[in-house]
Amino acid sequence: MTAALASEYQRIRHTSAAICAPLARDDYQLQSIVETSPPKWHLGHVTWFFETFLLQAFVKNYQPFRAEYNYLFNSYYQTVGSMQPRAERGLMSRPTVEEVYAYRAAIDERMADLLTHADPSQAQAIAARVTLGLHHEQQHQELLYMDIKHNFWRNPLRPIYLPKTLPVREATSLTWETRAGGLLESGFEGDSFAYDNERPQHKVWLEPHRLASRLSTNGEYLAFIEDGGYQRAELWLADGWYHRKQHGWQTPLYWEQRDGQWYEFTLHGFEPLDLAAPVAHTSYYEADAFARWSGNRLPLEAELEHKLRELPITGHFTNSNTFHPQAGTEQHYGSLWEWTASPYTAYPRFQPLEGSMGEYNGKFMCNQWVLRGGACITPADHIRPTYRNFFYPHDRWQFSGIRLAEDV
Amino acid sequence: MTAALASEYQRIRHTSAAICAPLARDDYQLQSIVETSPPKWHLGHVTWFFETFLLQAFVKNYQPFRAEYNYLFNSYYQTVGSMQPRAERGLMSRPTVEEVYAYRAAIDERMADLLTHADPSQAQAIAARVTLGLHHEQQHQELLYMDIKHNFWRNPLRPIYLPKTLPVREATSLTWETRAGGLLESGFEGDSFAYDNERPQHKVWLEPHRLASRLSTNGEYLAFIEDGGYQRAELWLADGWYHRKQHGWQTPLYWEQRDGQWYEFTLHGFEPLDLAAPVAHTSYYEADAFARWSGNRLPLEAELEHKLRELPITGHFTNSNTFHPQAGTEQHYGSLWEWTASPYTAYPRFQPLEGSMGEYNGKFMCNQWVLRGGACITPADHIRPTYRNFFYPHDRWQFSGIRLAEDV
Amino acid sequence: MTAALASEYQRIRHTSAAICAPLARDDYQLQSIVETSPPKWHLGHVTWFFETFLLQAFVKNYQPFRAEYNYLFNSYYQTVGSMQPRAERGLMSRPTVEEVYAYRAAIDERMADLLTHADPSQAQAIAARVTLGLHHEQQHQELLYMDIKHNFWRNPLRPIYLPKTLPVREATSLTWETRAGGLLESGFEGDSFAYDNERPQHKVWLEPHRLASRLSTNGEYLAFIEDGGYQRAELWLADGWYHRKQHGWQTPLYWEQRDGQWYEFTLHGFEPLDLAAPVAHTSYYEADAFARWSGNRLPLEAELEHKLRELPITGHFTNSNTFHPQAGTEQHYGSLWEWTASPYTAYPRFQPLEGSMGEYNGKFMCNQWVLRGGACITPADHIRPTYRNFFYPHDRWQFSGIRLAEDV
Amino acid sequence: MTAALASEYQRIRHTSAAICAPLARDDYQLQSIVETSPPKWHLGHVTWFFETFLLQAFVKNYQPFRAEYNYLFNSYYQTVGSMQPRAERGLMSRPTVEEVYAYRAAIDERMADLLTHADPSQAQAIAARVTLGLHHEQQHQELLYMDIKHNFWRNPLRPIYLPKTLPVREATSLTWETRAGGLLESGFEGDSFAYDNERPQHKVWLEPHRLASRLSTNGEYLAFIEDGGYQRAELWLADGWYHRKQHGWQTPLYWEQRDGQWYEFTLHGFEPLDLAAPVAHTSYYEADAFARWSGNRLPLEAELEHKLRELPITGHFTNSNTFHPQAGTEQHYGSLWEWTASPYTAYPRFQPLEGSMGEYNGKFMCNQWVLRGGACITPADHIRPTYRNFFYPHDRWQFSGIRLAEDV
């Protein structure tokens, strides 16, 4: 096994703990809505992933750290056994935070052992699986930011994750790039890591179209609100309108008006709304209605992918230590995940991974929409042009944003 | 206005009443689940469509037949005003059945007048709208069959819509046709009628693939059940598995086992299950799981469309007066709507119709899947190769079937 | 068997049909909320009661009219077999109205036969059971009025059950009668008919108290509303406040404000609110909050019973053919059922009837409150001083009213 | 102010913290069902009670410890302001456990100051309110035991609150005491502390009856189960039967069968079921069905009160440090709260306390049933013969037991 992989393992595993460092012990336990998970659970689950799919799979006569953890920390792998119901992850006071960190330490030690002494005949298979495990852990790092934010939001004391004064910048002006389309390749091809849902590379026909140069701003979204956007059914998808009414949506998640002034809850505090910054935390329904109101549409995932292929992977990622999108930044990569007009489905000839790993992505290909490009809570080395993120059209707690597109 | 259109109007309007002829007065009122509507409501709603979008739109100083009907019989046109909640259509004991038929007669008379005396400058617009209204009414004729079937199913007395002995035929053997794919045109182009969601015609790339020669049968589906299909999570989409468990699904809708013998509820009675006949009334979730179990997949909508374009529009439709699919018939058109692996979304450059008519199709382009080809409850002249039907992945009361496909 | 009983049977059975005479066929089917039942079901259920508990019980080798009716028309007698779920009574389009009337006619004929030719050794048992069946049918006659009213209310066309101009009278002034209390007898004793829940007679201690001379009026209740009664939590029981908020109550059921004028929906039409008439259709929660706001309390059931024992059984009942309470009438009997501050529980040494008849009353002795005195929809010969009606504290569709009481 | 009261204050306040001593930090946060509250919340709420109703009320220009706590720690006092929704108490990760203990310390200091330096003119009012606050805190001590038990139960690791081997004793034989009844006094009279709902003392008539000499045992309850008690609708109240089916009850809460052996979850571990020990954690519905199956009934609250009046207040309380009921103990006081057949309603001439304190008890007098006598989690000095505890008929997480009664 290469030392590089072992070092990468240490680095990424360490990052998960570092993300939780600002938390009080009490914060580790919360599950504010069924979609979020307690930080403690995330820390245990990603560890369970290594124990189950590396140690159990590749170590002879492996003895589990603690047998019950297979039930507690299994997320959704039906082929691995039954699991704590998702809605009840917040009920796990035990194992304690200390015990979960002890679990992490023990598994890290065993993993170090595996990485050092693996049978050469298995080295490649192990390396591939470890790489998957590390990407998996990075996904949960994103979830940690998202979930911590939501947990804090539900607390009337509005705790601050990382006190920080955000810079105020001007928004760049929105321009349109015309793109030719044609019969193009989409999806991942190559030897480096990509999820199964990015494969195989395949042909797709794109019509000529235009892409906006930056994300839509809070100011632009506020104009939609003030123009009655949340009251005009004709702007909305039928399911979106129903959802909006049922949940009383009047703004994106995390907005709040006090004494005529708009505020936004961020991981850096409850701040006056920055009109120049990208609008964040809208559902697909809201993004779609906003685009219709704007006289535009949302881009297809292949349209965005082809733009991303042309660009260096730079932007506003977690290494900025700023966990809220900013005006005036390059926004194709990072900043906010961009809603696309593409439902999340299988590419032609899609093959899920073998065995339990096949449950990772394929079984979610229904009722969700693709988002592209990463966000300010994405690790910089976790994104690719072909990366497909996906959420339900009503989800809002993820760091989602809106890039407009239009037909030529 | 052409006499042909007036005659077509009379023919199609008459058919709706004919479909309801076997009903008892009591049957007109039922809404067995929120998805179905009472026959009485269908009869009123399609009439309201003509009154609202033809008479109101084209007759000067038009006086509504009865003002409250705009509330009662509006289905989902937010731009036309508020409406009786969908879930409460079954609470309308008034207007009575007699009053609804009187409403139909009155509007038919006014429509005859409009068709005869329309201002020539408006003739074309009126003809286009009437044609839309007639296609709309034909859609509701399908719904009448579907809804009556479900209403009757919920009644422990199991009423029979049309007593009839169904022929027992052998199933043809399943063969596979290899199809080349390539860069093809999809969608409707031309002057004859098509819904906005079938337009515009556009290019789509298809990989080489194979299509099954006939629909999957009850016998084949029973093998899936007996192989534990409803108990094996790994065969299912995550949302489908959740739904299956929550609703306790163990078979398609309308199947029932008594004393070890399988039965199926049909519009012609509660009959022993015909193993050679196409399996009907599965959800997308079940169709998808069955296809995975079979080692195949469901076809894309463009794959089916290209097959349909090659064939004459013949098959098992309502003119057969048999409202249940049969073995041994041509099944590309008619018989059962075929689930596709394509979410229902907008074609490139899709433009909804102007005004309220834009609410007809576009706003449903989220969370639903396309079905193709028509069914035995479809009027023979209501189907086209480009016709896109759509339902939620959990819906089962529509006449849906399964055609397998696979990659080459 | 006495001819008197046979004649009574005919009279009461006929009354049920007469109550339904103003209905359209379409009205027979409706179940507007889970608490109500379709008129057609009531007509069938009371008939099933005679078939099951008289014909099945006392006729040798009795052949049921139709076996499935035992499932369809059983209300809640677990000992008699399974039953159509209560919430799905509105889904019975079959049997049709005609078939239900045919069922009634057939059972009436068989009952006539039983009453004429009963074995003398069984005559007394049969007479007792028939008497119970007739009181049962009278209870359902009340339910018919209540349920028809609610069904009509949910229809935007607001049908009128019986067109009639209600007289406008002055309210009598409210005076207080001081009553001594002491160690008194409560409950029924004697040979004539009473339900098991009225027995046995037993001692109860009452403190001195005062009873209001008439029911509280719409005008008085409006003052409560205008004083913020529905916004002041301190006036409400905790469960009531929760319920009020969850359901958005701001007035009694059937009130509606249009252009600043209050209206009330009645079986005689949608009428301007008569401020002098008794307030009707409040829940226990509202009655209790109103009493607290008034500085009074609701009476105990024994307090009302002792007042009722002193009075002749006269008042506003169904023979008035006015199905809405009026000002200026004697209101101890009839007019509106009066909420009491007494939960519905068993009297000391209470014994439910033997067998299935034991399910009639006893199993409901939890979570409900007693109402006393009958209402304008009660048959005049159906009420007694000891009669205990009971509803859940949130129920509002029954004809309930408020009589205030206070401690001395 | 007497030093005795100050010392009592310290003792009882200290006990709350002592109860939480065995908890991990993680355990302080859990709310396993809406009825339970997190231990952290209990500790804050009882402190808020002293801050709000003593310090705010009696200290001039009092500055709140932290203004937001009035929202977070208000339970249900509508007159004091709005509050964190009950179902969301588990979402409070902040204040942290440390902050809550700091809050307790600060308020204790201020309370000590108040108790020492109170204006003599207010001393009596303050003493009365402090006494109420201490009884309030003792109630929450019971809730702490109940809630911790339920929280632990929901965790698959089944944490143990206090490891301890429970003694195994024989059950005493069940005998019946005949009691004469008559016109008796019920309720509290005197100068010492009692809640408003125990007052005023008033007359009540009791029939002669018999009371069981001890609580019903697990063995007796198991016989009920094995006789089909949970499958026989005729034994149950209608609401109870519905609830049982909906929630799938087959045993009391905390029972579990593994490999044919019954176990019970206790605060001392997951133990084999002790057949001689009193059956605990049944709902009213189950207690009532069991009594009916036994051919007996549950006692009235006045029947139990009169028995309790004759006995010294001794029994199995918290000072035993055993938090699970035992066989062979005196059980009239302590051990388990006994369900009565009496709905929780106001005594004649009941007057709630003035102001916000009036919300303490009165507004819950609907839909609940009275339990009597205290339990093994009740502080020995917290119980009286007239003490009325109350729970909803479906509640099971409280330490409830069954004493049978019967008519003579």
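A, B, C and D label the chains in the order they appear, each numbered from 1.
Definition applied: a contact is a pair of C-beta atoms (placed from the backbone, for glycine too) under 8 Å apart; a residue touches a chain by one contact, two chains touch by 3 or more.
What you are looking at is a predicted structure, and each value in this text was computed from that prediction instead of being measured.
Within the contact network of the assembly, the step distance from chain B to chain D comes to 2.
Chain centres here are means of the Cα atoms, and by that rule the chain farthest away from chain D is B.
Rounded to whole angstrom, the centroid-to-centroid distance between chain A and chain C, based on C-alpha atoms, equals 58 Å.
With centres defined as mean CA coordinates, chain B is found 37 Å away from chain A. We define each chain's centre as the mean of its Cα atoms; on that basis chain B and chain C are separated by 46 Å. Shared interface positions of chain C, i.e. residues touching 2 or more other chains, are not present. With chains as nodes and touching pairs as edges, the resulting graph is a single ring in which every chain has exactly two contacts. Chain D contributes residues 76, 78-79, 183, 202-205, 207, 233-234, 236-241, 284-285, 288, 341-343, 345-346, 348-349, 358-359, 363-367, 393, 407 to its touches with chain C in the complex. Partner chain D is touched in their complex by these residues of chain A: 24-30, 32, 40, 68, 71-72, 84, 88, 90-97, 151-152, 154-157, 159.
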